Structure formats: C-alpha cells, structure tokens
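The structure appears right after this line, and notes come after that.
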Amino acid sequence: MIRIQNLNYAVGNFALQDVSLHVEPGEYFVLLGATGSGKTLLIESLCGLNRIDSGRISIDGVDVTAVEPRRRGIGYVPQDYALFSHKTVRENVRFGVKLQPSADRERLSIDDDPPEKTVMEMVGVSHLAKRSIRGLSGGERQRVALARALAIRPRVLLLDEPVSALDEQTRDTICRELKRLQRDSHTTTVHVCHNFAEMLTLADRVGIIDSGRILQTGTPQEILQRPVSARVAQFVRAGNLLTANAKSAGRRVELTCDGGLRLTAAVADPPAPDGKVTVMLRPENIQLGAAVPENVAADTTVIEAAVRDVLDFGPTVKVTVAVDATVELHVSLGKKEYNIHPINTGEHVFLTVAPEDVHVMPQ
Amino acid sequence: MIRIQNLNYAVGNFALQDVSLHVEPGEYFVLLGATGSGKTLLIESLCGLNRIDSGRISIDGVDVTAVEPRRRGIGYVPQDYALFSHKTVRENVRFGVKLQPSADRERLSIDDDPPEKTVMEMVGVSHLAKRSIRGLSGGERQRVALARALAIRPRVLLLDEPVSALDEQTRDTICRELKRLQRDSHTTTVHVCHNFAEMLTLADRVGIIDSGRILQTGTPQEILQRPVSARVAQFVRAGNLLTANAKSAGRRVELTCDGGLRLTAAVADPPAPDGKVTVMLRPENIQLGAAVPENVAADTTVIEAAVRDVLDFGPTVKVTVAVDATVELHVSLGKKEYNIHPINTGEHVFLTVAPEDVHVMPQ
Amino acid sequence: MSHPLLSETRTASPVIGIRGRLFAASMLGFVALFVVGLVGLFAADISYLDADAFSRVLRSEDFRSAIWLSIWTTVVTTAIGLLFAIPMGYALSRYRFPGHALVDSIIDLPIILPPLVLGLSLLVFFFQTFVGRWIHSNVIEFALQPQGIVLCQFLVSASFGIRAIKLTFDGIDPRFEHVAMTLGCTRGGAFFRVALPMARRGIVVGGILIWTRAVGIYAPLQIFVGDVPGETAVLPTAIFLETSTGDIEVALAAALLMLAMATVALVIVRVVGLAQR
Amino acid sequence: MSHPLLSETRTASPVIGIRGRLFAASMLGFVALFVVGLVGLFAADISYLDADAFSRVLRSEDFRSAIWLSIWTTVVTTAIGLLFAIPMGYALSRYRFPGHALVDSIIDLPIILPPLVLGLSLLVFFFQTFVGRWIHSNVIEFALQPQGIVLCQFLVSASFGIRAIKLTFDGIDPRFEHVAMTLGCTRGGAFFRVALPMARRGIVVGGILIWTRAVGIYAPLQIFVGDVPGETAVLPTAIFLETSTGDIEVALAAALLMLAMATVALVIVRVVGLAQR
C-alpha cells in the first residue's frame, strides 16, 4: 500500500538516511521514535510536504514522489491538529470535501447525506457541528481533526502524535476509538508516536526510528522479544541489558558477562557472532524463587542474588536484585504471583533463566 | 517538617482552595496532579514566590508565611531548571553559597573544600565545572540545577517536575539518583509530578491534587488500593470503575451495577453509604480461569464473560472481557501466569473476585 | 490555552521585605516620572487652548485643503502599502532564498533611516540621475506632485506594514497550510483560504501602522514636493508653516488633532493586536 | 533547543506543481520589486556623487559643528534614555498595577505620534503655559538651547528603547529571578545579578534604537530649538538648510553618511538580536 524506497532527505544538520518502509493495505502501522528522531519529517515526506532529496514513495502502486500533496489521497492529522480557528467544526470537516473534483464529491456521499455529516457521526462530533474551534477540549479537537482528514475518504491515514497532547484518560479512550475506526474502515494507517504502551495497544506492525534511520520493523512482539540491537532494546524497555563475551558451543552460546556472571543462551536465527555482544534479559522472563529450584532443565542458568528493592506498581511488582557488586538485575512479577510468595528487601533468592529467554545481539 | 494549613490563593479564575498538607522530616513526598491542577502554584507558595491569600505555612516548626524566599532555607529546582545561562556550571552552583551570611558559609564547607565542590562531586557534575550551560544535555542540566539547590544545604528540597523534560532512559537514571541522594542526605523532599510510575518509584507518601484541592494523601499503596473517590481512582489507573447501587447486609455490601452485574464487597472502614456508589475493581485483583473455579470462598463473586481482546505488554498481559452487552472489564495477568494458561480472543472465561478486592467509594 | 497558569503574562508576587518594596518603588518611580511628564506636557498644552482655536483650524482654507490632501494621499499609500506588505510579509515568512537575511535587513532600512534622507534621495534621483530624469520625462512626474506625496509616504512607511505582517505570518504555523494542501488546496489556495483569513487582524494592524507613519511625515515632503498651500501642503506641512509664520494657537490645535488621531490608531492596534493572541 | 527540527524558522518546501511555482514567483516578485527599487534609488544617488562631495562635507565649518552637536546630544540622549528605559522596561514587564495597560499605551504614544507634534507641544509648553514659563525662568532653559535638543530627542526616542527592553525582559522567564531569590537574593539582588546580565543584548539593541531615532529627527528641533548654524543646527538640520539654500551634492553626501550610519546600526541590531535568541 505504502512503499518507501531508499528515501534521503537532509534539513539543517539532520537527515533521514536511506529509509525504506513497507505498509500493507489495511494495516495499522506505528512509527515509534523519540523527539528529534525524524518521525515527523518522514510523515511529512509521505504527505509531499518535503521535497525529498532521493528515493521513491509509492501509494497504492502509484509512484507519488513528484505528486502534489493534494493529489496523493492522504488524510493527514498533524501534531496539535492545526484546526482552522476561523471556521466552525462543520466548516473544518467540510473544508476538504469542497475542494474535491465534483465527480469525487458524489463518490464521497452516502445515502445523499453530505460526506461531512456521515463522517462527523462516525467520529462522534455531530453535536459540535456549529461550535467554534476555540471552545473545544483536547479530545474534541482530536476527533474533529480526524473527521476532517477522513471526510475526503483518503486511501491512507497519516497521524502525527495524535494523542500526545491529551491527558492520560482521554488518551486511552481516543486510542481505543482510533483502533475501532481503523478496523471498521480498513483504512491503511500510519501513526507516529513516542509512547511505548500506545504502540503496543494499537500497532499491527511497528517501525523503530532513531536519528533518521529505521532500526527495525516487525510486529510488536517481535520487537519486544527479539530486538536487533541494544538501541532498539532500550526503546522497548528491555529492563536488563548486559555486555558479555560470547562463545558458541553447538546449539548453545556460552556467555561471560562483565562482572563475571555466566549465562547460557539458545542459538538465535541468524546466529549472533562470537566475541563482544549485548545480552537482553526481559524482567518478566526471569523466574524468581526462595530456594534452588528442583528439576532444572539442562542449560538453564541458576543465579543466586540478594533482593535490593521491591516496588509495587499495581499489576506488576518490580524486584531489583544484586547478583554481585557490579551487576543488578530487574525481575518483574505478576501481582498474583507476588501475593502467593511475597518477597522482601534483603532476602536471598535464586533466579532461573531458560536459554530461550537469553537474547543475544551484536554490539 | 513542612506543615501547610488551610492555604488559599487565587490567581485569575483559578484558586488553591483550603489546602492542608503535612510532610514528615526526611520524607520523600510526591505531589501528583495533572497539568493545571495547581501543583506548581503550591510549590511556589512553599517557596514564598506567591503571597498567599490566607493560611499558614511552617517549615521546621517556624511559621514562614511572611518570610522572604531567601530566608526560608529551601532548595528549589523549578520546571526546566532555570539555570543561569550567562554563568558557568561552577558559577551556577556557587551562586547561592556566595549569598549566605559568612557564618553560614563556614557551616557549608566540609574538610575546607568549598561547598560547591562537595556538592558537585555528590551529584556527579565535577567534570562539567568550567562548562557553559548552553552545551549541556537535559540530564546534565537537571544535575546542575539539583547541585545549585543543594549547595546551600537547604532544610527542604522542592522539585517541580524535575524529570519531565528528559527522555525516558535518562528519566529512569535520574529518578534512581534522586532517591539515592535523598536517602543518603535525609533531606525532606517535595517532588511535583504528573507521572504515575514516577510517583510509585519515588514516593514515601503521596498527595493527589486536582483543581486546586488536595483529594487524598497517603502511601502509594493506600492510594492505589483504597482511593477515596472516583476522581482519585482515575488518577491511579483503577482500570475498572463501575457505577452501582449499594445495600449493606451485615459484614458484606451487596452491589448491583448498572447493566445488572452483581458483586459482593467487604465492608470498608469507614463504611461507604448505601445508595449510588462507585466501585473499583483493580485489573490485577480479578482471577481469570477457563472453568468455574472449585472451592470458591463464601461471598466470592464468579462472573462468566467472553474475551474481547488480549494485549501483550511484556511484563503484563491485558485482557479485556465482555460481561454483557454494556459492561466490559479489564483483567491484568502476569506474563508467567499467562504463559502457563494462554487466553485467546473469543474464549469463554470465568472471573472470580474476592469481597476484599471490591472497593466501594461514595459517588 | 486560556488557562491562567499557562499564560505567559502571569506575574508572580513573591513575599518581599522592606528592601524589595523600596526596589519596586524606585523602578515604578521611573514609570511614573515619564508618564506624568508626557501626559502633563499635553495636558498643559490643551489647557492653553480654547475651542475657538479648533474651529479656526477648520475654517482656514489652507488647513482644510491640507487635511483633505493628507486624508486621500495616506489612504492611497496605505492601500498600495498593503498591496506590497501582504505578499512580501508572506514571502519573507514562508520562503527561504539565497540572501534572505540581507533582503530582510534592507526592508528594515526605511524604519531606521531618517525620513529626510529618503526625501532628499528621491529629489536627487528624479532631477539629477539619468534613469530618474527619464522616468520624470516619459513615464510619470512625481516631484512637486500629489503622486510624489504618495511615493514619499510609501517608501517611508511600507516597511512598518511589511514587518508587522511578516511577524503575523511567522506566528501562524505553516502546518495549517500543509493540512489544507493535503485536503485539496494548491499552494496559493492554502494562502487565500487559510493563511490570509487567519492573518486578518495582523493585516489591520499593519495597515494602521503604515497609515500612522504616512500621515506624520513632513521633512521629506517639504524637500521632495514642496509646501505650496492648497497644492502640496499636507497637514504636518501646514502646521509647520502656521508655526513659523502665523497663529501658533491654530498650529497647536491642528497638532492636537493629530495627537487624537494617533491615540485612536494606538487604541485600535492594541485592541486588535490583543484579540489576535 | 538548537535542534533543527524544533527550530521555529524551519520552512517546509512542499512538492508543488506549476500553479504553486507561479504563486511563489508572484509573491517573491513583490519582494524583488521593492528591494530593487529601494537599492536602485540609493545606488543611482551614489553614482551621481564623487568623493569630492564627501570631503566638502567635512571641510564645511557648519557641517562639522552640526556633526559634533549631533554626536554629543545623541550620546547624552541615549544615556538618559537607557537610564529610564531599563527600569521602566523591567517594571512594565514584571509588575502589574492598576492602569497597567493604559500606562503601557501612553508610553507607545511617542512612537506613533508625528515628531513635529512633540516639538510644537514643547514650544507651547515652555513659552505659553504657566508651569513651563516658571521652569524656563527659574530651573533650566530648554528652548533654543542644546539641552533642548536633548529633551526633544529624549521624548521622541525613549519609547523605542522602553519597548525593546520590556520585550527583552518579557522573554526572560521570571523563574530565573525566583530561583535567585530562594538562593539568597533580595528582589533587587535578583534583578542586578540575574535579570540585568541576561538582558544585556536587549539593552544594547534598545540603546541603538534610541540613538538611531534621536539622530534622525529634524522637524521638532527646527520648531523648538531653531536652526542656527554652529549653535543649534544638528546634522539633519544642516542637510535641510544645504538642500534649500546651497549645494545639493554636499547635502546628499551628508545624507548618505546618515544612510551608512543607519545601515551600521541595523547590522548591529540584527547581529546582537540574533545572538540573543
């Protein structure tokens, strides 16, 4: 549906470098990156609001690299919405409809209703139609901006940080609605955000962008469990990242971490090279017990440690343990699990890590 | 240590209303509130930067209501730090030291080292001493601002959104350092923030502020498990809030929720009134199973439901179930629990809720 | 947006001691001295006049023609000024081109330049340089003509409008036009449908600034178009002539009329400018 | 802060068609027309002069005394102007008092008022009103005196400095002073140790704006202090006299000197102003 090939675009001392990306029809694609990573620049390039230096952008099989924004068939919701404050809500939503060629305008109408009416109902802002933009709340503004973008029935919906300006409760509601709207209308959507939980809630697939480069694309679970680099692992809150020396031994990799901790990992596909590597242990993949566990499977690592800190976050309890003077590990327990075996600061515990849960990345 | 009594302060059409607050010596107190809740205004009032309309503020047993900011013995780190950009890092940290009476200046010195040197080492910015403010990263700025505030050995440290401007990774590091510094120095600290996880990580006690009023104070776990109102429950991400009709029956309360769902709650202390109430079910307190559980304790509610959505957030898995056409509940499972009994969309499940986990609040 | 806590104009009032109060008093003392001095000056002058002086202004043939000349030339100047200021303000705000900073500075020059210098430059240009003389003979005569008044006023005042309107467009996020373009507008369509209506208050302010500056200039006009009563004498010229040769009360009355006009213009700029925010 | 993506001056360059290009060309056409016209005017005038005209300016006794008088009066005016502008700019930015908006508007009045009107008001005040005559006889003489030049320049130009310095302080978050106060400063200490050093560039800009305006005024001086060569004739007065009675080449050469000064002032304001951001 959307295919970006080797896009390069420099502005000031920042550049999008060799960006390639592919979004399937009907997919909800989230572009995750920190402030200044270039994610807004990439969305703007998709809109045709930047003349890119090199590369190709195609939408629906058509090369749109040199096509004006108004002919790309995109619905764009920019950061802070950019609603036209000199117009009413209805006029805002109608803005794009009036500008479509008259043949298209008929296509947009359903049951003889003007298209802005249909879309305002769908998004739930009909009751605001005659209001001015100034009095609207953040959530209402977001909905109106969405309605304005959807009113021209775009082939692709591009959302730039659509909920970042909202407070937490509104954010949850709007996210759920976005997902529902997108499922119902099957509109291919690219959603730019910097919030990890937001990404997990919405994304069919994700792209991680950093310093103008795409680091990894995949499903949320792929990114979460199998990040390709330490940089991506930091993005997805890996929890425990260790530097280690790797040595392959058959179907296993022996790891000696800085500080002396030894771990055994399963060989990844493709296998990581021997030598200096970064190791990720997700806090939820570490088992924690008060005694040496019985019947430990072969190659499972058992580590003795002292509990440093226990923080109750409600659904999860975050336990920080010291393996030795230099290495601390975070372990995440479900609330119910914790309630059955509560753990206190100062206790001695044993950690078990299966080789499949030790993820090795090149450094 | 800090005692605020019936503070009132109006500015424009906003007002702090009858705020009373008490912070113990050596305590890390977090003031949690959304943008515009008045939390910055309250911190500024503590600093003496607002002339309050009525009420009393005392620090260390001394009434400081009419005392100038420079004589209150506070270390203030404002939002965005307000570092003096025309001075070097060292000059910034030294700024307050020079202004102390000479008798105090000796008190500040340790081992004949000038106090700014000691504090720069403690906070870890010694290597930046001669740098100008302009070139510093966000995290470095935060540390310098903290060092500047600590250099005058304040009796109370007031931090206004100290980490909100930082990216997520730096935020975690700085939070851990803040907590360590505060533990080591036993400086009474008031920390203003809007982030729930930040509060849980840092706070000994919390105050929830909304629209210029303190809604509740207590330990993080008290706030989490026993919010006094639906408004506070929303703040602490209750997950499930239902409107219900309550009817006391001995040591139990029978609840009929809107939509027909019936629940049994333990009587709270103090007991909530009969009639219209709000009910909170924390997602981590709901048990979820594929069959009707055996040996259910008396008064435990069992609810049949259909799984609507399963979202894997890494450490937790969030399951959304439909109880009937109108009521949806969120259930939170630990990752390990989920791995043992995976759940799929569309499945029929049974929820069990113990009466102690049904929290009833007046509406 | 409108929340008082987020407003930039919020001023804190810290708890202060005697020294803080003395400091505030001395700072505010300068404000009081300046304002009282300025208002006192005008008040004393007004007290010196009677209503008769104002009616003598309106009865004087020379003043009536000067007022009329001032009105129509400044209206034309303002119109032409806006015709330039709107596209120029927009272009300077939205487009970057080689030499942008230089062009931007050159446009500021008439703001900072003594108006007298511009009048003299025009005089020399049209009488002494080849190009100027050719224009004078073959295209249009400016010197000693009402159209010369407009040219002079335009050169001296247009930059005020350009600056104000550029700042207005700077304050309008280009995203508004970007969204309009994704919704079907061309670049020009986005300007006319979105940027221009959003800038309307800034354009009013720009127009008033051009007009106020145009109505007040005198030295360059005296050099470039002369001071023939009934022909090229605008209101400031007439006031000057009356001061040196005639009735100082009438001159003062006319000057206070200009003060009143300036006050009205200022109030409009303030009210419209505030509403813009 | 310095990241290009966060910079407000970033201008996008959307993919545009023929119509978009035509639109841009027509907008930029106005810029080109105005700038080429203005630069062409001065270029033609400069081409008309030879180096000799400039040396005649410097050899003329009248011009030399006028230049000297202009220099020392404007320096004094700028100093007094800043003495008022710094506390006034700070007070208007940091303190709110009843009538704040009114006082703020009154201070803007001399910016928008024709300078001629101020000169005439001073003349009438010191010769015709009771208070003015008393000051004239018992305190200090202004009319027809060099100190009158300074008074006139001060009234006409101080507001430019006040406005610029107020905007500078508006741009400095009061939190800086608040922190200083928690660290041991009094209100005044916070001003001198923090706000004033942070505003230094804005103060330079304010001073230059006062100076540029002061050096260029002519009409109010001619009315209030006269135009006696060697006594009260400043540079603009001398240019005017030379234009009407003498050598127009010398007048133009002197005017272009003023143009050069204005250009230098503008460059300083731009460079200092940009560094401020």
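Think of it as A, B, C and D in the order they're written, each chain with its own count starting at 1.
Rule of thumb we're sticking to: a contact is a pair of C-beta atoms (placed from the backbone, for glycine too) under 8 Å apart; a residue touches a chain by one contact, two chains touch by 3 or more.
Small disclaimer: the values here were computed from a predicted structure and weren't measured.
Common neighbours of chain A and chain D, listed by label, are B, C.
Here the chain-to-chain distance from chain B to chain C, counted in touching steps, is 1.
Here the spacing of chain A and chain B, counted between their Cα centres, is 26 Å. A separation of 15 Å divides the Cα centre of chain C from that of chain D. Chain A and chain C have centres, each the mean of its CA atoms, that are 53 Å apart. Residues of chain C found to touch two or more other chains are 12, 14, 16-17, 20, 178, 181, 186. Counting partner chains per residue, chain B shows two or more touched chains at residues 35, 44, 48-49, 68-69. Taken as a contact graph, the chains are fully connected, with every chain touching every other chain.
Listed in rising order, the residues of chain A touching chain B in the complex are 34-35, 167-169, 196-197, 200-201, 220-221, 224, 234, 236-237, 282-285, 287, 311-316, 332-337. By the touch rule above, chain A contacts chain D in their complex via residues 11-14, 35-36, 38, 40-41, 44, 48-51, 66-69.
Interface residues of chain C facing chain B in the complex, by the touch rule stated above, are 3-7, 10, 12-17, 20. Residues of chain D that touch chain B in their complex: 173, 175-176, 178-186, 189, 193-194, 197-198, 200. Here chain D touches chain C in the complex through residues 8, 11-12, 14, 16-17, 19-20, 22-24, 26-31, 33-35, 38-42, 44-45, 47-48, 84, 87-88, 90-92, 94-97, 101, 103, 105-110, 112-117, 120-125, 128-129, 131-132, 155, 158, 162, 170, 174, 178, 181, 186-188, 191, 212, 215-219, 222-223, 236, 239-240, 243-244, 248, 251-252, 255-256, 258-259, 262-263, 265-267, 269-270, going by the rule given at the top.
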